[in-house]
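Note that the chains take the letters A, B, C, D, E, F, G, H, I, J, K and L in the order they are written out, and that residue 1 is the start of every chain.
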Amino acid sequence: MSTYKLIELVGTSKVSYEDAINNAVKDAQKTLHDLKWLEVVELRGHIGEEGISEYQAKVKVAFKIVRE
Amino acid sequence: MSTYKLIELVGTSKVSYEDAINNAVKDAQKTLHDLKWLEVVELRGHIGEEGISEYQAKVKVAFKIVRE
Amino acid sequence: MSTYKLIELVGTSKVSYEDAINNAVKDAQKTLHDLKWLEVVELRGHIGEEGISEYQAKVKVAFKIVRE
Amino acid sequence: MSTYKLIELVGTSKVSYEDAINNAVKDAQKTLHDLKWLEVVELRGHIGEEGISEYQAKVKVAFKIVRE
Amino acid sequence: MSTYKLIELVGTSKVSYEDAINNAVKDAQKTLHDLKWLEVVELRGHIGEEGISEYQAKVKVAFKIVRE
Amino acid sequence: MSTYKLIELVGTSKVSYEDAINNAVKDAQKTLHDLKWLEVVELRGHIGEEGISEYQAKVKVAFKIVRE
Amino acid sequence: MSTYKLIELVGTSKVSYEDAINNAVKDAQKTLHDLKWLEVVELRGHIGEEGISEYQAKVKVAFKIVRE
Amino acid sequence: MSTYKLIELVGTSKVSYEDAINNAVKDAQKTLHDLKWLEVVELRGHIGEEGISEYQAKVKVAFKIVRE
Amino acid sequence: MSTYKLIELVGTSKVSYEDAINNAVKDAQKTLHDLKWLEVVELRGHIGEEGISEYQAKVKVAFKIVRE
Amino acid sequence: MSTYKLIELVGTSKVSYEDAINNAVKDAQKTLHDLKWLEVVELRGHIGEEGISEYQAKVKVAFKIVRE
Amino acid sequence: MSTYKLIELVGTSKVSYEDAINNAVKDAQKTLHDLKWLEVVELRGHIGEEGISEYQAKVKVAFKIVRE
Amino acid sequence: MSTYKLIELVGTSKVSYEDAINNAVKDAQKTLHDLKWLEVVELRGHIGEEGISEYQAKVKVAFKIVRE
């Protein structure tokens, strides 16, 4: 059976929380293979003069650690 | 005065968390009438090779229990 | 250095949680200047006959208190 | 040994939280036998012009599932 | 659609928690109109020689912010 | 300045949660002097055939430790 | 895509928490098909003269709701 | 009706968490009579060269306070 | 008996968390009289090239609302 | 292997939270030997006219119970 | 004095939660030396036709970072 | 827009919690550039014969992941 490692990321977006969550996953996939699941931990953001200027989504992503 | 019952569901979607939450509510409405409110409890998901492959939203939905 | 005050709001929308969160921020900006960040606290909603009829997002927004 | 099932209810009352909690239990007993214990989860309410107009108590009640 | 603001209060009473919660709501209604709902957050109290001398109930009350 | 010790109790009552909380405080006062404050931690109970048969209130009570 | 329903159970055992968790799942499987996952929520128990006399494990189990 | 007192312990074991929980209860029973129930609060441990060298289980145990 | 209002602030400091907490209280006292107590909610901060560049302490402060 | 008992204290200080935490530990050591570790649970305080007049730190301290 | 780093893992087992926790620790020890302690965060699992088919234990393990 | 990664550390000190938090940040900066913010998660410690012998601060520190 496998063991998984979780890492915690904060993805950001100028568009939406859905986009911020996806950005975190996409950036994780640039260096990590075999990502299996995600858990959304927290939603925050920066506010500018025109409303929310940066959506911030803290997520955990999990990937398999190879066990020989 | 009324009493309400809450049931806990996990709605899923290939598209977004907004869609996963709505799917949970729509599926609950197939068998339950008089749904009154929902509470979003948790957001998780599966990750595939192209990013998030399944959005999962744990929600509670509440409906009225008839009191004679 | 600055001190910030947080106020807690529930924004609503007929469309989505993203929209409800933005409505809370926009309404806060009508009377408060220099909003700096937000924290999403809770997502709830009302359900009508056609699914979710009101998306409700509890958020905290923070703004700077002037210190002379 | 027995297994128990918990269901989550919101009892309401025009009088008090004590009454709202009791109403949830009483309504549950109309259809469920052998209720064993309760856990109070949350207290909320509606406010009218004369103060609290509806006391709302979210409770979990547990009953035994028969195991042959 | 409306936006609501929540304020956090601690109501007190020499009599009971039910009374302390009601006192918080009543005092809020002296300056705020259109209170819509409350959430009970915490119950604490002072103890004197004859038992509980002050019941303290931390509650949040919500009211509508007018959106033109 | 003083240091306080907290002990955790579950008070019970056949009548109400208010009564269960008071019973915990009164029983603590039989052996402990100088109780200063209480914190209500949890509300549970047993259910009998006629509704709630035992109200259970978990509370913490604090008293001063003498520092010479 | 599917929607899942979670139900909350307390499994018991005279032997261990592992056994209590398994008993909850086994009893759920007597009436529910297609159980998919479980979440352990809380571990409690009764104590007798010889130590723990009843292990109690509160778990949530999830099963698929058919969506046509 | 009775009042109960809870005390918080950390039981340890070289073998397992089940054993650590039981050790806490057994040690409590050396000085306290009439232990009624336990609540498992937290599981931690020390790691040695060969894996987990000490299982640590934080538990609360409750016993009846005599009320004359 | 009195009712209290709590407001939530984030105090900041270049020196320490103790200082950040005190700054929040001092800034609140510039406009609010009769502050009675505080609750520390969260400790965060910014990091610069030389370590922590801004200590941030989220606190709630409470003051008495006059009841005629 | 050993079993540990935790007791919950509120230490106070006119100076700082660091001092309040240390005062709780020092007062515990007047009557308890072999204190092993502490856990900081909550930071509160009283506010006077000149800012914080009493720092209050709720801590748990653990000590070994002798097992023959 | 030392600084420690924590990583979050999900260990799995076909046998038990005790085994899943140990598997997470053993797999971590394949690449990390000087693991010092663990914290159990969450217990979940998959359910198959014959009961629990995969025990999943989310744990944090801590190891020393060398400070020259 | 950027994505950030959080890592969890326990900093220690013989002096104070402020120092333990700073030590965690300083040790992280030996290998990680562009640390942006920290979140204090937990305060614990060891107790020796003369009071607190090791202050332990669990913190999360965040740094930017380069996105090409």
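The criterion applied here is as follows: a residue touches a chain if its C-beta (ideal position, glycine included) is under 8 Å from a C-beta of that chain, and two chains touch if they have at least 3 such contacts.
This is a predicted model, so every value here is computed, not measured.
Using the contact threshold fixed earlier, the set of chains in contact with both subunit C and subunit L is A, I. When you average the Cα atoms of each chain and compare centres, the chain farthest from subunit C turns out to be H. Fitting subunit G to subunit K on Cα positions gives a rotation angle of 120°, stated in steps of 5. One finds 31 Å separating the Cα centroids of subunit A and subunit I.
One finds 22 Å separating the Cα centroids of subunit F and subunit J. The geometric centre of subunit D is 22 Å away from that of subunit F, both derived from CA atoms. Within subunit J, residues 7-8, 17-18 each touch two or more of the remaining chains.
Remark: the chains found to touch one another pair up as A-B, A-C, A-K, A-L, B-C, B-D, B-G, C-E, C-I, D-E, D-F, D-G, E-F, E-I, F-H, F-J, G-H, G-K, H-J, H-K, I-J, I-L, J-L, K-L. Chain contact summary for the complex, subunit K toward subunit G: residues 16-18, 42-47, 51-52.
Subunit G makes touch with subunit B in their complex at residues 1-8, 60, 62, 65, 67. Considering their complex, residues 7-14, 23-24, 27-28, 30, 54, 58 of subunit H touch subunit J.
Considering their complex, residues 17-18, 21-22, 25-26, 29, 35-40, 61 of subunit K touch subunit H.
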